[in-house]
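As written, the chains take the letters A, B, C and D, and residue 1 is the first residue of each chain.
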Amino acid sequence: MDQLLQHLVNMLVLGGTYALLGIGLTLIFGIMNVVNFTHGILYTFGAYMMFIVVHQLGLNFFVALPVAIVAGWLLGAVIEITLLRPLRGADIDTTMLVMIGAWIAMQSGALWIWGGVAKSIDNPFPDAPLVIGPVSVSWLRLFVLFAAALLIVLAYSLINLTKLGKAMRATFQDSDTAALMGVNVSLIYTSTFAIGSSLAAAAGALLGPVYVVFPQMGDLAAVKAFAIVILGGLGNITGAVIGGFILALAEELGAGYVSSGYRDAMGFLIIIMVLIFKPTGLFARAERVG
Amino acid sequence: MIRTIKAASATALAIAFLSSAATAQTIKIGVNEPLTGAFAASGTYVVNGAKIAADEINAKGGLLGKKIELVIEDNKSNPTEAAAVAEKLITRDKTPVMLGAWGSSLTLAVMPKLVEYETAMVVETSSASKITTSGNPYVFRISPPSFVEAAAFKNIVDKLALKKVDFLVINNDWGRGTAEDFSKMMKEKGITIGLIETMDQSAQDMSAQLAKIKATDSETVIITAAVDQLTLIFKQAAALGLKKRIITTGGSQNPDQIIAQAGAAANDTMHLTTFLPWMPEKTPNPEATTYFINEWKKRGFDFAGCTESFRGYDGIRTIAAAIEKAGKAEPAAIKDALWKIDVKGLNGDIIFKKSGPAGQESGQSFPNVYLVEISGGKIVMKDL
Amino acid sequence: MKQIVTLLCLAFFASVPIWLTDPYLLNALITTGIFIIGAMSLNLLLGFTGQLSLGHIAFFGIGAYVSALTSLGFDVPIYGDFHIVHVPWPPIAGFFLAIVISGFCGYLVGRLSFSVRGAYFVIVTISFAEVVRLVALNWVELTQGPLALTNIPSITIGLPGLGYLVLKTKFHNYYLVLAVAAISYFLISRLVHSHYGRAMRGLMENETLAVAVGIDVTKTLTLAAVISAGIAGAAGSLYAHYIRIIDPDVFAFISTVTMVIMVVSGGKGSLAGPVVGGVIFGLLPVFLRPIMPPEAQWITYGVVLIVILFVMPRGIVPSLAAKLGLARAGGTRRASVAVSERTAEEHA
Amino acid sequence: MAETVLSIEHVAVHFGGLVAISDMNFHVDKGEIVSLIGPNGAGKTTAFNVMTGFLTPTKGAVNYCGADLKGKKPHEIADLGLIRTFQRTSVFPNDTVYDNVLMGLHRQGKVGLAEAILGLPRARASEKAQRARAAELVRWIGLEARANDLAGSLSYGEQRLVGVALALAAQPKMLLLDEPVSGMNASETHTFVQLIRNIRDRGVTILLVEHDMPMVMSVSDRIVVLNYGRIIAEGPPDEIRKNPAVIEAYLGQSAKDVVKEVAVHA
């Protein structure tokens, strides 16, 4: 019982960051139909920005977070304008491969600049965990969970309450019609990619201090983000949030009660099952596939 | 674009050929290490250690009147590439002996090439027992496979009064091998083996495994992982309030980095290691250890890298001793000479003993194994 | 005309080991060739049915493991004292078994996953490959997990009346890979020019219409998946017997990425595309190795990929074919129009 | 009494709460040309989708040549010789006209996989026959000059013809045409009407959905009128023209035009 409680708490903390990763990707994937292989590298980038600001510039942890998020936003915008905008109208495989090229080049760039040795980022939270009965959780992770929740709410409001969000949703439904209605589709794409990227960078910036920072850290994160997006349905923010928690739950329980060797397999098995029985994801909203 | 690259590379190839002809006055040693990909950090450490040894030897006048030249190639943490690199080093660079290839699967992929070209390789890090038991007479290993480590640990176990242990190991040949060999040894000692949990090589969150271990009635956890994962495990174990004795194995654990990054979480953990850079006076070759550590610091490398890089240093010194003994830089002679050397390595005497099927034995050296403890943020030798 | 070019290319490839004596380059050509076979099989799915499988390495890896285990033997406890014991068979049997079992896995994946398309199919295939990798990693009794399968024997071919030939040297292996590649090329070429291939193309272009004229979606796509997986399994088998050690790293995602790069840069849906893309991206690292540091090699690799796609978004072969005026009509499938004209003449 | 090819019995289709077709009953006899008309949203295309297996009806049954089509997949229905065309995307845009027709020939001359790959005599012969047949169909439909152009590059009207050609290639016993003349000019439409009659004379039964009233009136043997998912009239063109319910149904959108059209053709 105690073990189960601990697993559930772990799931909450892990699920929050998975959700953050997932919504960034689901926006890009859903609205732009781009299989975005740079998502993981933006996660890595956010973590390194955090490292630079905290350790090399010596600034405060809480100053570093927004800096990393804005840097992710900028890098996302640059990637969209230089690599994706010229290829608008090319098919999904071509843009995917360009993103793969960017991923390979940028990851090797990170290795070149910062080396392969993992970096650790200091945080201002106490080392001793918060203990409630049989359950214990570190303060840093609690902070990460709340920060993630805040960012998720912000992103949700942005999409659902603002004019930009409305235009994004219109573009998702039908980009041609949206263009006819006077939506600047180019601008929407750039904004979408930048926002998605900044969320990935935010996830990296939050998790960098929890884990360690190294050039390949984004690869596993990216695969999980893809899984979450598919579980939740393309372009579906609520789905991505729930998908993030489902994946975290599956991993925790899989490792806790099945076999830790198959921990990562759990998420993939769920995806296979979901797609066999409900091919448009658990929370499909739109019919558009592919 | 492509045409330019091809043209450029053709020129570069030509230059490479010319320069290899011009520098025939050096003795080449091939170094096959992962410099990009998953193991980039470790491979780079080993290469830096190897460079220190080469520079030291060259500063003292080189070998057989010639300078040593390290031909360093990146195997991209990929077995196919490791085999290709071996092919290049042997056939194109004509290196008569090699050092490599860090990970076990990388080394195993190189091994058929060694037989094909009858060229020896000194294995500095890989721990899979298969490397020296599958009948490849061109392999000489200076790192301890897990059964050697387990045998060394056997003498210590009684003093630690272990009753029941859980394992948390990295899911590769190294972790699996450790769990297998250590639990076999411990069972013989009457110690109960509890859980054997694994984690993926790239995993960052081990909370689930740790929560499971937290719930068992064992008092000790044996952990095998590289330093980055260890750091995370300590942090996450502390966050979960896991209060069990932790013993790490494998010799790559790098207590300094653990102290620096895991802080208080690392206190009271014990580490089986093969090298003691913190107390050079207690190593088998204090003079060389001091030299190596000073040089390492002088070059501005992370002190934490010592526990990985010393293998590169020892590896090159082993090879150099063999070349010296052989009297010529030829593959067959070097291979024979490797059997005859006795080098005072940083972690013990490097003397190769026969291992594997008769007639085609591989060489295995048996380094010292130490148990250290982190206490109050300092590393202390555990008196045994 | 096109046939002559194909034959000339084949003759050129066959002549390589005669004038190229550098074993390092020959080794690079052999491993590249093995991945080109994998890329050709991926092209059958991606280029001719439009289904992007990012888990293609699963079939390659399954082929490698099946072939290696067939020739090494195994003893796997299933339940209690019940064991499945397999005595080693000749490697050539492993090669054919690899094709059959990989093909069967292709059938399973095809049946299960063709109900989803586009992005969803991509993720199902990635997931499948990851699950297979984790099984290979954790089913230690069978696969030895991370401890790797070693000492895999070389392929042996029995020649009636002439005894056995062990394909151990690079010279032998080069021709073995070339032969398998040529057969795969021929097979795929015949398939896509038959009415099966037309059915695949129809599904890719307009599925609703294809169905309405009586094309069975599941059957057609599953057929493509089976043949594609079978060929990938053959490539995996060649890999296992050439490198002679395999571990769960053969399922690495980056290997799928390599194959996708070969197919899309060369030109998906063009028979020669994966070969051209494969030669470029298989040998690019070899040429980059001596001229720049390791990290820069990877950066260049990524940049070259981006540049090729910016200049020729449809891939090298279709773009060049269009430039050289091999076909007259505009649109995206010029090369294949030329092909079908040629076949029409042939049959007339 | 003529032989019934297709009969629709009490078919209803509901999308959630929305009733697309409420209770549809009609039949088509062998050799007939029947038109299904009705205002936009009356359920015509939905009816086509039900008949060809793209949609499963909520209630009722579709019988074709005495067989119940329930549970049959679209390609299985096509295999029975019931072939349809589409309103919007009627061709394989990235293939030549000739290849389009070849794809339509898919049902014919299926040969074994091994035969096809190895190029055995039977496969060669079958392939040759198919190519000859495709060439003949392209000629027959009058697109010889454009045989090697990509179908996607053709005019809208020509694409319609390609669509019909590839449907014909599938050797239909019955052909369902979904708005075949939309986008055609008057002379093209006139030629197309001739084409439909020719097809019928080859023994193919035809059911068509069309908005072009003059065309419908001139080509149909019988007309079925749908409105709001139910049949409001059925009969030969002369009867439908005078039917007050039909005129009423069209009043909503363009009643006057319909009345005018109907009057002109009276």
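Quick note on the criterion: contacts are C-beta pairs under 8 Å (C-beta built on N, C-alpha and C of every residue); 3 or more make two chains touch, one makes a residue touch a chain.
Per UniProt, the chains are A = Branched-chain amino acid ABC transporter permease; D = ABC transporter ATP-binding protein.
Predicted model, so just to flag it, every value in this text is computed and none were measured.
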Task = Any chance you could name the chains that touch subunit B and subunit C both?
result = A
Maximum centroid distance from subunit B, chain identifier (CA atoms) = D
Key: Between A-C and A-B, the pair with more C-beta contacts   = A-C
Ask   = Between subunit B and subunit D, what is the gap in Å from one C-alpha centre to the other?
value = 73
Ask   = When the C-alpha atoms of subunit A and subunit B are each averaged to a single point, how far apart are the two points in Å?
value = 35
Averaged-CA centre spacing for the pair subunit D and subunit A, given as whole angstrom = 48
Query = Roughly how many whole angstrom separate the Cα centroids of subunit A and subunit C?
reply = 32
Query = What positions in subunit A touch 2 or more of the other chains?
reply = 108, 111, 219, 261, 264
Task = At least two other chains touched by the same residue of subunit D: list those residues.
result = none
Request  = Mind pulling the residue numbers of subunit C that touch at least two other chains?
outcome  = 137-138, 295, 297-298, 304
Ask   = According to the definition of touch, which chains form touching pairs?
value = A-B, A-C, B-C, C-D
Key: Residues on subunit A engaged by subunit B in the complex (per definition of touch)   = 2-3, 6-7, 10, 13-14, 108, 111, 115-118, 120, 127, 129, 131, 136-138, 141, 207, 211-212, 214-217, 219-220, 251-252, 254-256, 260-261, 263-264
Contacting residues of subunit B [partner subunit A, same complex] = 36-44, 171, 197-200, 202-205, 207-209, 211-212, 214-215, 227-228, 231-232, 235, 238-241, 260-261, 263-265, 302, 304-305
Ask   = Can you list the residues on subunit A that touch subunit C in the complex?
value = 29, 33, 35, 83, 86-87, 90, 92-94, 96-98, 100-109, 111-112, 219, 223, 226-227, 229-230, 234, 259, 261-262, 264-265, 268-269, 271-272, 275-276, 279-281, 289-290
Ask   = Across the complex, what residues on subunit C touch subunit B?
value = 22-24, 27-28, 31, 137-138, 140, 145-148, 150-151, 239, 243-245, 247, 249, 252, 254, 280, 284, 287-291, 294-295, 297-298, 300, 304, 307-308, 311
Task = Could you pull out which subunit D residues touch subunit C in their complex?
result = 52, 54, 73-76, 78-79, 83-86, 89-96, 98-99, 102-107, 109-111, 113, 116-119, 123-124, 127-128, 130-131, 148-150, 152-153, 163, 166-167, 169-170
